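Chain IDs A, B and C follow the sequence of writing; residue 1 opens each chain.
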Amino acid sequence: MSEDLIQSYSTKDLSIATICSHTALQIFHGARQEGFKTIGICRPERKELYEAFPYGSPDEFLLVDDFSEILQSEIQDRLIDAGAIMVPHGSFVEYVGPSRILEDLRVPTFGNKMSLNWEGNRHQELKWLSDAKLRLPNKFEPHEIDRLCIVKFHGAKGGRGFLLVSSEEEYHQLLEKSLKEGKISRLDADTAVIQEYAIGVRCYVHYFYSSILNRLELLSMDQRLESNIDELHRMGSTRQELAKLGVDPSYVVMGNIPMVLRESLLPEVLALGERTIESSQKLFSPGLTGPFCLEMICTPELEFIVFEISARIVAGTNLFPLGSPYSCYLWGEAMSTGRRIAWEMKEAQRTERLGEIIS
Amino acid sequence: MSEDLIQSYSTKDLSIATICSHTALQIFHGARQEGFKTIGICRPERKELYEAFPYGSPDEFLLVDDFSEILQSEIQDRLIDAGAIMVPHGSFVEYVGPSRILEDLRVPTFGNKMSLNWEGNRHQELKWLSDAKLRLPNKFEPHEIDRLCIVKFHGAKGGRGFLLVSSEEEYHQLLEKSLKEGKISRLDADTAVIQEYAIGVRCYVHYFYSSILNRLELLSMDQRLESNIDELHRMGSTRQELAKLGVDPSYVVMGNIPMVLRESLLPEVLALGERTIESSQKLFSPGLTGPFCLEMICTPELEFIVFEISARIVAGTNLFPLGSPYSCYLWGEAMSTGRRIAWEMKEAQRTERLGEIIS
Amino acid sequence: MSEDLIQSYSTKDLSIATICSHTALQIFHGARQEGFKTIGICRPERKELYEAFPYGSPDEFLLVDDFSEILQSEIQDRLIDAGAIMVPHGSFVEYVGPSRILEDLRVPTFGNKMSLNWEGNRHQELKWLSDAKLRLPNKFEPHEIDRLCIVKFHGAKGGRGFLLVSSEEEYHQLLEKSLKEGKISRLDADTAVIQEYAIGVRCYVHYFYSSILNRLELLSMDQRLESNIDELHRMGSTRQELAKLGVDPSYVVMGNIPMVLRESLLPEVLALGERTIESSQKLFSPGLTGPFCLEMICTPELEFIVFEISARIVAGTNLFPLGSPYSCYLWGEAMSTGRRIAWEMKEAQRTERLGEIIS
């Protein structure tokens, strides 16, 4: 980002802008709490939703038919004139695409855009998490299978069509069976990935790395609700019995529930976050800044196996617009991730360090 | 309700009354926050509970041995003298009965009493939900079975004694088996209802339709905890294996846990609520006003299948006396459904529109 | 505790001390809200965690390599000089041991230390719960088995290696099978305990008995998250199928999620707490004072079966540093168990009744 732009922003009345979806209610609510003007980039049919929540609604709507319109020069100029800082969230990244955000978005964006590129590419993501020495699910060759493994087939969506195996013999046996039954193709079989089946309870930890305060904050955590897997057990049938009834497990995120972890697990959870930040600073300087989430499983041995990173605000934070059981220990008052982002901007402007938290 | 009564209430110091059960702590707490006097209609043995919670306790107890006593002329006169507005909740409706509330309760009641009649009659409820074009679980004749269906037997309580079938053949086969084993009678078999087994994750959405502000509010949502089904999976056995051990699944509501939905699902959730209100205005003018709940399943395709409506405050709102992750976007401060009811009354009285929100 | 010590504490500026683990963030946060100075007894490697949460951090760290060091005379003198009152929590009791707390800890301790002894000894705990007429899971001899029972083997940890049986015949059959397969030893078989398998949904209720206000408070409740049992159902396999894959169920507590109970169940829940207090006053006068938790199952018949008591603050209260859906009805403001403890101390000192709440 140009020095001129940062310079012009440093004395301007800033506003916070985002795409009306995902965590926008929380982002606008938090911005309002910190005294920012807000701009919602919105599809016409979604406007009504935000108007239905006055305190989560933007001050100004910028209506677009397609979210990629925000890359149009005219719209970008308009946003820059308004002193807008964009807050990228999951839908933002999905609709616009990390590479276009990196290359074509001139509007100052909260955080380091490169983080989005690194989370969006499975190969880079693994490099990042490995470099941070997080414990990832192990990959296996058939002859290495010595524990319960999940065999994933390329293109099998929503968790459909995977195999559980615990030996090489069983692997070949079940693979042949699936081939014979026409459930998978020869190509599927040849490109199958064998991964340790990490058994434990899921936990999604919401961090915030503050470049301005130079500290890592653990703001909150959640468990995802996935349809239909989180209710399938109520049928009291095995996966095989369900398959006969035409019911396959699927893992479509529909919402979130709150949780806390044992206090004795928090040092490890903070350490995982810190290593993630340090690694990001090495891999794509100046590294990640702002909110991120590590998606992990806590095993019965109380080890954390990390299976994914989200390098921006995650939807699970929507549970905590009124603060969380962790953010109160950090701030002594109700602090959501949305408000935290706004606070960081305000403080960065005040201390003339805006350049460190936008890109 | 007589014009005289509304007239007399319009200048009176009002109080909020309800039966001491269900959501009474929340209703009294909210009434207190909005400055109302409160009256608790209470069985003697329950008084202690409310006294144990000073901020959820009514200012005055009206002790009865049986809740139907509130229909006695003397008690009704006393409540009317005190400027009481009754808030009906689930136990209120259950103990007094919707038709007696409609016909015999003279004390002004928050909301439209006819809503309670419509929710209380399965036939009318279906008419309402269908008219609102909500997606309900489909019903099938045996020869129509083309997907997983649940066969429900009349009188089978708590989810006991149902069958899961996915073809006509299987339907007849399992029905015969159940008859032979004496699990169901010939009458049960003849009156069985075959319904699509809606597979997804449950979500109970708490709405508030404000006649005074002319807007629909999404205040909160929950998931119900049901005993024993929500813990049965811990046994790691199939329904058949459990049946052999004498353990049947049951679905007795014992509590609630909080949740949020993906923001992108909220427009649809609001639309379902709006259609429910519009339909109520057509079917029983002036229609529903105040709190209601749609009980739904979110499928893996992120469609909502609605299986029930509660046309009054629901117990799941008890999670949010301190506000919810949605009500903060509506009110900018802690707003429970209980407090919301009190606010509506206060505003209705102030604007001389009490007649629109009581019946 | 000596009268002199109580005397000296009655006019001192008190501070609240605990071991940095378990619920320490909440305890320090609550102490701070009530204006107390705080002291954290901490292992060097844990200091960083507490420093990462400024509002949950103690004012002063007392670093130890082993928590039993707090029994050293010098450290105790230092704590007493600082007017410290110790708050015992789960890890505190685990690390120091209930008998050493009772015999060797001279620093005034919040609550009645004898409670910790009674909860810590399975024999005494059962006596206590039975005396309080709580419904416990029944024990059976083999010939008495007339319902689903769980057979627990001595030394089998984390829920591994238990049997489910529903008749004497099945008991002997499965026991022999396990012996033959070498899963259990003859000693295991001979010392096995047969217990009714209580089927229902778990609920952990957080009480606070106030000697100062002479009342029992229901502050909050939670459900524990246990790894891996709370996620195992996602595999869609029976216990037997999982065992073949080398996956055994385990019950290691990793965290907590919030819940509420139906309001109509609260009178019974309060009664269980009251009987527990009354019984404690009889068994170990003056009885339990301060926070405790009953760990129970709610059956489909809405009966509560109690399986354990914790006679001090429990980790599930960590969900509610901002108050709970119950504490707001008690206090009209955000009240955590941690803050409640501090409030009780402040009020006890003000009314010169410190001797009643410390030991």
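To be clear about the criterion, contacts are C-beta pairs under 8 Å (C-beta built on N, C-alpha and C of every residue); 3 or more make two chains touch, one makes a residue touch a chain.
The structure displayed is predicted, hence computed values, not measured ones.
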Report summary line: Superposing the Cα trace of subunit A on that of its twin subunit B calls for a rotation in degrees, to the nearest 5, of 120
Requested in this report: Answer with same or different: of all residue numbers used at the interface between subunit B and subunit C, are over half used by both copies?
Outcome: different
Query raised in the report: Measuring from the mean C-alpha position of subunit B to the mean C-alpha position of subunit C, what distance in angstrom results?
Result: 35
**Report entry** subunit A: positions in contact with at least two other chains
**Finding:** 230, 232-233, 237-238, 257-258, 322
Query - Parts of subunit B lying in touch with subunit A, wherever the complex brings them together - result: 147-148, 164, 166, 199-203, 215-218, 223, 229-230, 232-233, 237-240, 242, 249, 257-267, 270, 297-302, 322-323, 325-326, 328-332, 334
**Report entry** subunit B partner contacts - residues on subunit A that touch it in the complex
**Finding:** 21-25, 29, 45-46, 48-49, 52-57, 91, 158, 225-228, 230-238, 241, 244-247, 250, 252-258, 315, 318-322
